[in-house]
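The same chain A turns up in both complexes below, where it pairs with chain B and then with chain C.
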Partner chain A sequence: MKRFTQALTGFLCAGLLLSGCGPKPKTPLVLFAADSLIQPFGDLTAAFEAEHPDIDVQAEYHGSIQVMRHVTELHVKIDVVATADQALIPLLMYQQKDPETGKPYAAWYLRFATNRLALAYTPKSQYAAEINGKNWAEVITRPGVRLGLSDPRFDASGYRTLMVLKLAEQTQGPVDLFSRVFAGQFTYPIKVTDEAGLTRIRVPEILETRKDTHLVVRGAAMELLALLESGDIDYFFEYESVIQQHGLKMVSLPASLDLGEAAENPNYGKVAVLLDFQRFASVKPEFRGEQIGYGITIPSNAPHSKQAEEFVAFLLSRAGRQIMERDHHPLFDPVPADGYEALPPGLKALAAASR
Partner chain B sequence: MKKNLPSFILFAALVWTIAACQPTPTTAPTTLPQSAPTAMVEPLIAPTQPAAVVLTVAGSDGTKTFRLEDLKNLPAAEGLAGYKTSTGKIYPPQKMKGVLLTDLLDQTGGLDASMGVQVEASDGYAMTFSYDQVTKGNFVTYDPATGDEIANPGNLRVALAYEMEGKPLDPQTDGNLRLVVLGDQPTQVVDGHWSVKFINKVTIKPMAADWSLVLQGKIIDEVDRGTFESCSTGQCHPASWTDEKAVKWNGTPLYLLAGRVDDENKHGTGAFDAALAAAGYTIEIVGKDGYSVTLDSKRVRGNKNILVANTADGNPLTDKDFPLKLVGSDVSPKESVGGIEKIILHLDVSPAPEATATVCPTEAAAATSNAVAALSLSGLVDRPLSWSLPELKKLDVVKATVEHPKSGKMDVEGVRLNELLDLAGFKPEAKIVSMIASDGYVSDVDLAAVRACKDCLIYFTDKGGLNAAMPGMQSNFWARDVEKIELK
Partner chain C sequence: MKPSPFVAFMGAASSLLLIFVLLPLAAALFSTTPGSIFQSFGDPEVGRSLALTFSASALATGLTVLCGVPMAYLLARVRFMGKRVIESIIDLPIVLPHTASGIALLLVFGRQGILGKFLAPVGLTFTDNLGGIVVAMAFVSLPYLVNLSRESFALLDPELERAALVDGASPWQAFWHVIFPQAWNGVTSGILMMWARGISEFGAVVILAYNPKIIPVLVFERFTGFGLNAAQPIAVLMIVVVFGVFILLRFLMQARKEE
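Right after this comes the complex of A and B.
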């Protein structure tokens, strides 16, 4: 019996020791973000997890509308939402209530960064040696030049590309730039109407290119990146941050065209894109030109709101800012907050109330 | 019991130890598994309601509802389907079984090239597929291993799947029905946005009513159906012609369409550059079948008897001619191109002499461009113009009853003064329309008054001359034998 007691005691001690050998459970932090944030948020997440080993960031990247839809229509429990169009947050998350709690999905957001559209190309692109800020519109409409277009029905950079081309036509010409790019290229045409100072670009329900088109339309800008790098297209409009992250060449556009300057909002607002394609019941498919704004919020039903707050605070911290800058996507300073009073207390000191 | 106590303690300790030493997983995530962009939380029907309607199809012959069993009784299609998300994540092909969309639509009247197909999920998410996608599998495809685009994916078919890997779809993640693009081999995936889940409705949508006409000259313009119709139905520049079978064609004069792209002035005063047309270029009218005819700009200039028609007897044109056809009393049958989709102005091409000589009904019009001018228009205009009598008669000749202040009512036939002014265009500083007669008589009228006078005409006299009819104005403004108009 004595031997048994000794063995049992030893075994129990070993058990006690071993019970502490496994890693502590990590808290999952579910992040849904716009796909143009893949690289900076990937780096941000890695640094955040290094600082918070008890948190496991589970990130999914989609088009911004799709990000929102996961919250408000699919009712996925998400801890942090970041979109490439901050207007979608009040439009969808403020307006709609979580059926479980009866509360709106959000009451605040931080407008943390902007971006600028530019014309991406590579040294292999046709006329790469001669394209510049003055002749780009003429170069991309030359015979044989293949222009990529992210489908405006699915991708914000797609409908923003339509805006850029129309604004360019109106401000610097040529006067038929939009038609040079799009006329006769689709089975069903993109239509343009002018009324009371607003040019409305109407995208048909089916956007299908004809044979022998010079346009290459893909569902997402990511796919165009691959086609550009492989030489299957010559040019396409992409966010400057993404172009720089991929080491591509670009023609920068003037502030009046690149959708990156707040002071140009009255000018950007002269164009709007209307989608005949009602993709979601809850999204009004009309987008007015304005400065690009990225928004981030913590849904009211976030399961891990404390950790989410830590993540957002990390984004706004010096370390977070440095990471974003390294990835060519600098943050606003200060970061304006819509619904400042509703901000979590820990974030108030890091943001400024929107004017 | 006492004897068993140590064994029990030992067993409990073992269980505790083993359990504690397992690798500690992350707390279960609170989100759904990563999904295609169409997931929905609620299944359409519970498994206990197998007889419920799962799909409504609104086709060209009406609406029909289907239970799952009904769908399974239709010819089954099997194949391999997967998809790629916008961020590049690939869901490799899996074995799927369902019903082809074409077979399903055959139940409600079928599908033709003028239609699209909207596939809708129960949460309102919808995708619209083109005829070519549904019938020819016209999709961008990717290699499931590398994610790179592939050019020849083989035979692709669009189906509503109800089984995956031999089992019914998971109602929590896919619903009852899911759209799949089936391939014969596991060598392709398509974009994830086509992979609609939780499908409960399919709707046929008319599409071909929408069309556009591409105009190419100094600039490029695309005229859509709405713009063309508003122009051809009275608000802008309607023109009509009744053929020998008494069919009335309505549309817009060709020269006005040319005027949209002959320079950067697309619309409004002086949009058609008559001087440029007089100098000569060619206009190529191209049909969707590739057939084209080329006309001389001199022949087309100001000619309302060459029109691009979009209706016949008030109806849209038929298949062969849809959407536009070149018709008119100055268009020969050989020139009457149907299915027009493009008009090209070859501004740097001078018409070959034989080009104007080969086209019968319009030969006279071309020839008269060099005839003696009966009327000229000059001064503060964008482009000085002159017309022979036959050329004037090719313009929009109207009949009107006008009242002379002394002679009373008279029926006249001529060209509106404002049309002539529009053709020439006038400079902002122009104030006076000065009409000069063959005997030197000059009638000066305020330009504003002329612009406001709808029925002010230059009308044809029985003696082959031109008089001015200026209804509402004193008789001294009614100049006779007008030879020249000058804007001052």
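Right after this comes the complex of A and C.
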């Protein structure tokens, strides 16, 4: 017993000592990014840290809206914010002020990359052998097929999935595709209204699937990836970059549906998703269909803005571009800036003023 | 009488620990208005979620009792090879990160999982439904039931059982009429602890069943999706309800013991 007590005490003390020692502390750089950036930004971060051994990048990945809410609702002090929808930055960060400084959370962003949505699946998915670009809409609505949906209240790929399905219904059919996928699936339904050429999809504040539904909802698309790989869902709409990074199979969508083509903006803009929040949020975010644009900014209350600037500059550098390209997520060239005048001086030379 | 320095030291150390537990709970309680807690009570999603959480954990506990109590008895009373190994296996869910447990369960109970594949045709599925919540809660909290019940069986005098057998009782009768009633207090503590641990489970449940949402998932969703103000009243409501239920159950158990 005595030996056991001594061993246990020694073990606990060693743990305490180990937790206290280590190399000299580095400057932490807190990065919050959309979860579809997890792989390229992981590689980017490793390369950046190798170049800046005094900086420790502490990255967190969430659905894009959740990334925003960490800044504006949870008041987390973040150095770099990167979202899968640049529209979220003016909508939530320009408009809201940090109670400590009285300044808006951001005054500029860089629209650094785009993406395309596609239908992800694996050879294990039901009807994997017969799905193609022509029959996908019919296949995903077959009985027994389980479709994943990342929560449109928190994740840009979630509300973009709603847009894609609505656009597909309007252009290639079947004419009841949207209701085939969503009707009867939720306790409080997703509603659709048509007004003067704009189809508005209203997502309720409470989104809970009913018993035995064919839809599987998760907070962010990355969680669906694991369920796809385990065979618990058959298909879900995911960004092409992520599908390629994970070596999954995909049904590519035409440019009129994949939200990746600037020339299709008038077409994409025919649908909008409204997050119909009544209680918890002061703003009811509405997203109009448009070409996917990833946005990056440094919040006005970033504790390490100098290091954050170095990180963004590294992303836009030749090395950063190569890493992003290798991970199937190339950057725009040039990278347009919104709020160009407010950009940190070091970044102005690397960006172009937005239209 | 003045306490001895030894007792005073023990008392001071205990007070620190008590403050450590109570301070966050009090902070949560006092930073929320009673109005918003009542509002949460009226929120249909919160009500549903609360009922689901408590009943799923009760179901998980009830099902585990069927196998957990016999195992506790075996571990306490019967000598056999590999007992230590089995005890370690039972403790594993406490040590495993709960997200890892969730992934492991998905590989077994998922639609393509080792068991899930065979159970789906008979209508038993475990993703995004009560079944998933129950297996996740049962997996992570069963050590509490088995360990507390085992300790309770081990404390009983083996002579009692032997006497019952000598007097002509069958092993079943000896267990039901002599052993089990004596061990009952320990077993109920185990049941209570397992149920309580099940209620608070998040990591494993969220992987198998994000929907329907149990309270820990709902609090997390409201917190990360809508912020502190949306999550706090539910968290406080949960603290109040769990505290109330626990006090009541402890009181009932004490009353039974005194009987």
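Everything below uses one rule, namely that the second predicted complex is superposed on the first by the 320 of 355 C-alpha atoms of A that agree within 3 Å, B and C clash if a C-alpha of one lies under 4 Å from a C-alpha of the other, contacts with A are read in each partner's own complex, and residues count from 1 in each chain.
What we mean here is this: a contact is a pair of C-beta atoms (placed from the backbone, for glycine too) under 8 Å apart; a residue touches a chain by one contact, two chains touch by 3 or more.
As the structure is a prediction and not an experimental result, all values here were calculated from the model.
Participant: With both complexes overlaid on chain A, does A:Gly133 touch chain B (first), chain C (second), both or neither?
Facilitator: neither
Participant: Could you look at A:Gly231 and tell me whether it touches chain B, chain C, both or neither (first, second, both, neither)?
Facilitator: Only chain C; A:Gly231 stays clear of chain B.
Participant: So, A:Asp212: does it touch chain B (first), chain C (second), both, or neither?
Facilitator: The second partner, chain C, only.
Participant: So, does A:Pro254 touch the first partner chain B, the second partner chain C, both, or neither?
Facilitator: After superposition on chain A, A:Pro254 lies in contact with neither partner.
Participant: Counting only touches as set out at the top, which of chain B and chain C does A:Lys77 meet: first, second, both, neither?
Facilitator: first
Participant: Kindly classify A:Pro174 by the partners it touches after superposition: chain B alone (first), chain C alone (second), both, or neither?
Facilitator: A:Pro174: touches chain B, not chain C.
Participant: Looking at the overlay, what does A:Phe154 touch: chain B (first), chain C (second), both, or neither?
Facilitator: both
Participant: Contact-wise, after the overlay, does A:Thr27 reach chain B, chain C, both or neither (first, second, both, neither)?
Facilitator: In the superposed model, A:Thr27 contacts chain B only, not chain C.
Participant: So, A:Gly346: does it touch chain B (first), chain C (second), both, or neither?
Facilitator: In the superposed model, A:Gly346 contacts neither chain B nor chain C.
Participant: Enumerate the residues of chain A that count as touching chain B in its complex and touching chain C in the other.
Facilitator: The answer is residues 62, 66, 69, 73-74, 154, 206, 208, 218-219, 223, 226-227, 230, 232, 277, 279-281 of chain A.
Participant: List the residues on chain A that touch chain B in their complex, please.
Facilitator: 4-5, 8, 11-12, 14-15, 18-28, 30, 35, 38, 56, 58, 60-63, 66, 69, 73-78, 154-155, 174-176, 179-180, 182-184, 187-189, 191, 204-206, 208, 218-220, 222-223, 226-227, 230, 232, 277-282, 303-304
Participant: If you look only at chain A, which of its residues touch chain C in the complex?
Facilitator: Residues of chain A touching chain C: 62, 65-66, 69-70, 73-74, 124, 146, 151, 153-154, 206, 208-209, 211-213, 216-219, 223, 226-227, 230-232, 277, 279-281.
Participant: Across the complex, what residues on chain B touch chain A?
Facilitator: Contact set of chain B toward chain A: 6, 9-10, 13-14, 16-17, 20-32, 34-35, 37, 39-41, 85-88, 116, 118, 123-130, 132-133, 138, 140, 147-149, 191, 193, 205, 207, 210-212, 214, 216, 219-222, 224, 226, 261, 264, 341-342.
Participant: For chain C, which residues are in contact with chain A within the complex?
Facilitator: Those in contact with chain A are residues 45, 103, 106-107, 110-113, 127-129, 207, 210-213, 221-230.
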